[in-house]
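What follows is subunit A paired twice: with subunit B in the first complex and subunit C in the second.
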Partner chain A sequence: MSFWRSAGFWINVLLVAIGGAVVLLIHQDTLRETVFTILMFVILASSLNIIMGLTGYVNFGHIVFFGLGGYFGFFLLSQLGWPLYLCMIAGGALSVVIALVVGAAVLRLRGAYFALATIGINEAARAFVANFAPFGGATGLYVNFSAYNAYGGSSKALWWIFTLLWIVTIITVVVCYLVKHSRFGLGLIAIREDEDAAMVMGVKTPWAKTAAFALSAFFPALVGTLYFFKNGNVEPEDAFRFQLSLEILVMVMLGGKGYVLGPIIGALAYERLRGVLLVSPLFKNLHLALSGAILLLIVLFMPGGLVGWVRDRLPRLRRWLE
Partner chain B sequence: MFAHLSASLVDGLLIGFVYGIAAMGLSLIWGVMRVINLAHGATMALGMFCIYGLFTKLGINPYLGVPLAALLALLFGFLIYGVALHRVMQSGYLYTLLATFAVNMIIIGVGTTLFTTSPRNVDFSLGSLQMGSEILLGTRLVAAVASVVITVALYLFLYFTRTGKAIRAVSNNRAAAELMGISSTQVLALSFGLGTMLAAVAGGLTATFFPFTILSGGAYQLKSFVICVLGGLGNPLGALFGGLILGALEGIVPVFMPVSWVPVVEFGLFVLVLVVRPTGLMGAK
Partner chain C sequence: MILQVKNVSKQFGGLQALNDVSFELSEGRILGLIGPNGAGKTTLFNTINGVFAPTQGQIVFRGEDVTGQPAYNMARRGLARAHQVVRPLSDLTVHENVMVGACFGREGLGLRQAARRAEEALSRVGLIERAEQPAGSLNVAQKKRLEMARALAAQPYLILLDEVLAGLNPSEITAMMATIRAIREQGATIFMIEHVMQAIMSISDHIIVLDYGSLIASGPPQEVANNQKVIEAYLGDPRLTERLMAE
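== the complex of A and B ==
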């Protein structure tokens, strides 16, 4: 375990650590909101990368864990008055349990069949939550404004939420790096390259796939709880946005799947790109089509994403870009 | 109760025929190309808008519009194959999945801008037929009959023409088919075109009796997956059978529970069949 001596590790961690720290120092509200979105995307994309980039299983329903975990955390927070950090962990725990149960069943399917199964999960989860009375049904849940007082008023609470998100981002990136360079991660990569060969080489594939799925489910739930607490409410339409699930997928592909740096670069680039497109009157409505065009171009011409492309062109940088 | 049940069952079965056509396209593409076409629903929605446009703008009868839409869809399928799929056919399922998915995003994105997401409907009626205590809508009867005709035509094409035999040969073993002098690129493009055509036809027929938006395709695509899995992925004729099962379910389920539970039931069934018997109820071992 000599990851602290590796340049690739520090580049990834410092990128998000410094990014967040600068915002905390400047202490400006609009900047915080922008960076909040970026960090949120980084966490969602990095966690998707564990199952999609390393294990090679496309998950079209990654946002389900954000929705369900966030719903549960928000439920504990708003209805039972639990402290925020406990709610996050409880939401994450529920997410992991769901991923273990769903994964044990669905991950028996290979490749394309698994991807098929994940397409409907989002719709099913939304339909379920919209009919589930304790979560407020179709109208969702609200937090009492006094809940923010525990954190010194709503303005201070927003900064506190941002700080927590920043810490979660750093943890996510560190975990992704450690997973990729561990024996477990090598097993996952072996599954991606050839599942049968991996089995022959002694990788316990059903166990490894389910564990990777559960791990990828943990972090979105933390983000979900923070995001809904920041908004003060949660409703099914906002929690299970299929489009967001797709955008995360595009971010992973854009940055480069399978690299720890990929989702970070992808999230940053995609958020900036979207920001530019959303304000331009011509492209405002077309941004889904443009995401699709970007995805198609990457799939056809740059399958390694931005990071993979640079690594191919400049082999000397490979040590730095992991 | 019984009359109500049988009425909604018959209604569901008639719609099931149309679902079967859509699923047949998906199944054909998977069977021949080993590609899961995630742009299938979007193509269906395009078929709906094609019929809608021809009917409202040019006043063309929807049933004359369907063959025209089918032709356009065939060409559109060739285009998608050439632009998005041909390059990644050898790269594994991850890339073909993502490529068709990107096409889906492009169609939906452009479609949303052009047509907005407000619901449309083709205001066309063929009257209705009274059978005992049940009323059958004429448009649904015609759609069901058209679906059967298309299925028979597809069967005849696949089993009794030279091109159809080439498609089945590529589906069985692409390398061997190439050694026999079949150009697999042409066959793959044709299969994708035919699959897209079936989607557009199903969309066009659906448009005559259900309101729709550009996003409606997504729900039908999900149904098509369920049907394909029921009938066996890669078995186009099994798809009609799967469509009937799903249609019947859709007819029966709302009698016993709220309509909002239908997607939950469908998806539950989908995952159950995928996990227990991924080759489908009628699929090969």
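== the complex of A and C ==
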């Protein structure tokens, strides 16, 4: 593997690495909050891209892994007092286990049936957590303020959380790049293009799909744990936002599914776009309608997203935009 | 024996697509499979390479019972296939398509070796100039060759070719026949379905004939061509009679 010699690799990594580093240098709270949201979107969209962009399975319920993994991580943190990084990893591990179990069942479905099932999974997870006493039921969980003291007070803790999120983003992007350019990734793309033909050529499709699903489930759990810790609480309505799940999907499509750069650009563009439109009184309440409309326009006129569009028009840029 | 098919039947609802089919194929040979449209030829391939399990009967590949094994296991055991209805991975380049065959076939090569193997396979089928083109942009004849290259890149023991000559012009047929012979020279066994009679008669060591799911004849090309049952089966199919007459 000679990924470090590839221009496409460095563009992806440096984009998120420099973006986060600048925020740490400037050290300003509002900027940090904005970039926190963008990086969170980048991780969620990039991980969704593994199952949706590479493998071709449209997942409307990706947020489930953010919700369940985050809930579990936050539970360990707030109720059992585990250190933050351990909570993140434990949340990620739970997410992976759930994806393995659910994936083995649901990934037998193809096309629209799989997509429909993923909507069901999100609703089922929300209903389960809302009735699960150890997770605080419908009211959720809170963290004691003293938890932030371990990080030198709540202000320092927020910077620390941001730094961790930044590192997770870089790791996510690197992993996505490596997966796409691996033998495993080639198998996933073969499944996306023609699952039956992939099988005949020897791709162990049930295993590969489940592995891709499990990998895509890991990163959202890390974000979830960090996000809930930042907020100081978690509740079912916040953890399993179907609307956010849909927006992540729009980001992947907007940036370009199947490209590592796609979800990064998509997350950035969508966050900016949403920011502009949310302050406009006309669009404020049409938020969901708007993401739906964007999705429709992309599917119809720009199926390769922004990255695909540029690659088609400027073939010379292809090796930079992977 | 590289392949033994024992009393294989396959039903689709009320349709008996294969009816108690048995035959054997020994290593290094070219076996031809002919029969009228809808006779069950492609279905036979599907049961052999695990696209679906036979309703009854047994498939033995290289001495092991592989009945009901999924297609990906068959590929890894050294069985490769070129489809009758081409199935390119359209968004991938021609080269990447063939790499999939090399990566997940018998040898399970790593990416770098697979890239080299794919180039070799593409040269052999005469598609190397198109390596970097998206597979979806090829024409039908080229896609047939792509199917062939993907199967070759897997370095299989046995290769199933489902009408790889269909839709090719005479000079393309000659080239493809030479490729098939070369593959055999390198030690692979070939089992091929073909409607181009002249071609299959000249290239096969042995021919079997399916009609309505049953094996009605088996023997050397000359013998099969003069078999009364075979002639009747084909006379029942006007399109094929025409083709036979034409040759």
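Heads up, the rule we're going with is that the second predicted complex is superposed on the first by the 322 of 322 C-alpha atoms of A that agree within 3 Å, B and C clash if a C-alpha of one lies under 4 Å from a C-alpha of the other, contacts with A are read in each partner's own complex, and residues count from 1 in each chain.
Assume a contact is a pair of C-beta atoms (placed from the backbone, for glycine too) under 8 Å apart; a residue touches a chain by one contact, two chains touch by 3 or more.
Please read these numbers as outputs of a predicted model, since none were measured by experiment.
Taken together in the superposed arrangement on subunit A, subunit B and subunit C fit without clashing. Applying the stated contact rule after C-alpha superposition, one finds that A:A197 touches subunit C and leaves subunit B untouched. A simple residue count on subunit A separates subunit B from subunit C, and the partner touching more is B.
When both complexes are overlaid on chain A, the residue A:L288 reaches subunit B alone and has no touch with subunit C. Of the two partner chains, neither subunit B nor subunit C is touched by A:I167. Contacts of A:I18 after superposition on the shared chain: neither subunit B nor subunit C is touched.
Of the two partner chains placed around the shared chain by superposition, subunit C is the only one that A:L186 touches, whereas subunit B remains out of contact.
Closest contact between subunit B and subunit C, by C-alpha atoms in the overlaid model: 8 Å. Partner subunit A is touched in their complex by these residues of subunit B: 36, 38, 84, 87-88, 91, 93-95, 97-99, 101-106, 108-110, 112-113, 222, 225, 229, 258, 260-261, 263-264, 267-268, 270-271, 274-275, 278. By the touch criterion given at the top, residues 49, 51, 70-72, 75-76, 80-81, 83, 87-92, 96, 99-101, 103-105, 108, 110-111, 114, 150, 154 of subunit C touch subunit A in their complex. Partner subunit C is touched in their complex by these residues of subunit A: 181-183, 186-187, 189-190, 192-194, 196-205, 258.
Per the touch definition, subunit A reaches subunit B in the complex via residues 56, 58, 60, 105-106, 108-109, 111-113, 115-117, 119-121, 123-124, 127-128, 130-131, 246, 249, 253, 285-293, 295-296, 299-300, 303.
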